[in-house]
Amino acid sequence: MSKGDKEPMFSAKNLKLLSGPLSLNNPVIVQILGICSSLAVTAKLKPAFVMAISVTVVTAFSNLVMSLLRKGIPNRIRIIVQLVVIAALVILVDQVLKAYVYDVSKQLSVFVGLIITNCIIMGRVEAFALGNKPWPSFLDGIGNGLGYGMMLIIIAFVRELLGSGTLWGYRIIPESAYACGYMNNSLMLLPPMALIIVGVIIWIHRSKNRDLIEK
Amino acid sequence: MENVFNIFIRSIFIDNMVFAYFFGMCSYIAVSKNVKTALGLGAAVTFVMVMTVPLNYIINRFILEPGALQWISPSFADVDLSFLSFIVFIAVIAAFTQLVEMIVEKFSPSLYNTLGIFLPLIAVNCAILGGSLFMQQKEFLTVGAATSYGLGSGIGWWLAILMMSAIREKITYSKVPAPLKGPGIAFIITGLMGIAFMSFLGIQIN
Amino acid sequence: MNKNNNAYIIIYASVMIIIVAVLLSVASMALSGRQKDNIAVEKQGAILSAIGLGGDADKVKDKTKYIQEEYRKYIVESYVVNGEGNVVEGVDAFGLLDNLKAQFAAPVADMQLPVFVAKLDDGTELNVLSLYGAGLWGPVWGYIALEGDWNTIYGAVYDHQGETPGLGAEISTPIFEHQFDGKTIFENGQFTSIAVLKGAGASAGNNHAVDAISGGTLTSRGVEAMLHDCLSTYLPLIEKKRAALETANVASNELTVENHE
């Protein structure tokens, strides 16, 4: 990027930073990053949604801060600086959640802290923010956070609907269906099903985008 | 209330880091392509875990917990530094990882080369930070309990990645539908293994 | 300027740490009041719901204020006893709720167990005891409200840290909790606790048992163990209170007899 080039704030290139991670470059199902901690919060829609927002905020701001700092960071302590910035942001998010949405923060329990080690955040800082200007970095962070959040929400949607018959805590499958012998699939609520759903989503996604198929 | 051995068994089989909490999935999926590398990474993770969990336990107990600073002076009884725990835990883990990296580089350059980027990335392996955060949440009563939890969780992760890599070595000879190749099938296998591990639920050794 | 110069690195790191530390401390201090309120209100809300109150909390605008006012109105007294049932002076019962695990693990004479006394609008007096135990994945806890006879359960609430949503986590739903209403913990003067039985309808007609959560057997078993252990811990106190009631009854009976003469 040449200095002083006056790109509009939402140029085609910048918009691509936002939309790319939603499908072709999705951090979860294409880059296989950040599955780690957060699948555990996908048994219900509400915590998954809060988690998605928290991760988006942290990714966006850590990208922004690291991009602003990128010229001054001594290379030898780069990783530590990244960890400190990310950890500080996560602590802020955690404190805010505890103060304003205590119920949800209780459900998320240790998983908020584990945003620190979410590979997406580190990965985007390393791969993008350290080499780009603050504004595109910020957009890239939001894009990746949303791409990630989208996956969480899809998984939570399937699990809550089939596992509990509810969405966001409201009953979706009518009582009459239960009377006719319909049963919730409790297996959906157990951790292994989240992995299998991710596998199936990858399957569907790759059969639509054949370039992504390995070998 | 809970004995040390029970915690150990539980953390390997029931509270398994991979199957129950999806911790450390990034390196779990990426490094499980062959058994030898998986063995090395598993050992490194277990080592870092068994050292950092008790260390963080001590730090948490005597510095971070609400009222933990009382041993210095009773006037600190109201100090609550627990908001710093994330940052302190991750710093301890990063320092330890650095140490392991230096040791591996010195004694086994070949392993060092194969593990490549994932060695420094142990620092951001969720399983390890997860171990420390769960330790804090579970409020263990003794250092021994915390150590046994760290060791068990590390071994649990090691076991998971080892089994996965063995399966993946075999699966290269199977006909997997093309879009499922690689990570897709790996997730589904992990899910099935997770279901198998659920049969350990309810084991209690007193 | 050389960025890999040691002095630069040290200065850089120190400045960064100071900035981060200041930022986090400010945030923590600014928000800690709200957080403490949240935690306290959650506990007060749980105690209230054990006595069947505070149900409108989600409908009112200021939940915090509503719960605090209700709590002040209905919880008239609280005291602390040790494992021998003797009252311990000078300890704040509500403050103990932060670390119940340590209290139940302490030697009998050093235990500090909170008891909350509630007075309902119609004058009924209830005694709320706290419970703490282990579920399948992590701790479970709760409050149980006993009626004035220290035998009949007026209400119970449970909460948990990480039980499986939809399965073990169902212990904190009213459907499970209301099963306890009206059950008794003594049979002919013998302490029986409350059993949590597997299979729908297994507890029908049994005054000392409730149905377990289907699919959440291990968590249900954890609740059963918690009830048994914690109530046993409180047992010396409960026995004392019951003995006192008995003497009072006998005394009042004698009184009536005398009056008849």
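Order of writing sets the chain letters: A, B and C. Residues in each chain are counted from 1.
Assume a contact is a pair of C-beta atoms (placed from the backbone, for glycine too) under 8 Å apart; a residue touches a chain by one contact, two chains touch by 3 or more.
Just so it is clear, the model here is predicted, and its values are computed rather than measured.
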Chain contact graph, described as a line, ring, star, complete graph or other shape: complete
Pair sharing more residue contacts (C-beta pairs) when A-B is set against B-C: A-B
Chain centre separation in whole Å, for chain C relative to chain A (CA means): 36
Centre-to-centre distance between chain B and chain A (centres being mean Cα positions), rounded to whole Å: 21
Rounded Å distance, chain B centre to chain C centre (Cα mean): 33
Residues of chain A touching at least two other chains: 80, 84, 88, 91, 95, 109, 190
Contacts with two or more other chains, residues of chain B listed in rising order: 83-84, 87, 137
Touching two or more other chains - residue numbers and ranges from chain C: 20, 24, 27-28, 161
Contact set on chain B toward chain A in their complex: 19-26, 29-30, 83-87, 90-91, 94, 120-121, 123-126, 128-130, 133-134, 136-137, 177-188, 190-195, 198
Residues of chain B that touch chain C when the two form their complex: 1-2, 15, 66, 80, 83-84, 87, 137-139, 141, 201-202
Partner chain C, residues of chain A touching it in the complex: 43-44, 72-77, 80-81, 84-85, 88, 91-92, 95-96, 98-100, 102, 109, 163-164, 184, 186, 189-190
Chain A to chain B touching residues, read off their complex: 29, 32-40, 79-80, 83-84, 87-88, 90-91, 94-95, 109-110, 113-114, 116-119, 122, 187, 190-196, 198-200, 202-207, 210, 213-215
Chain A-facing residues of chain C, complex: 3-4, 8-9, 12-13, 16-17, 20, 23-24, 27-28, 31, 34-35, 38-39, 42, 161-162, 164-167, 215
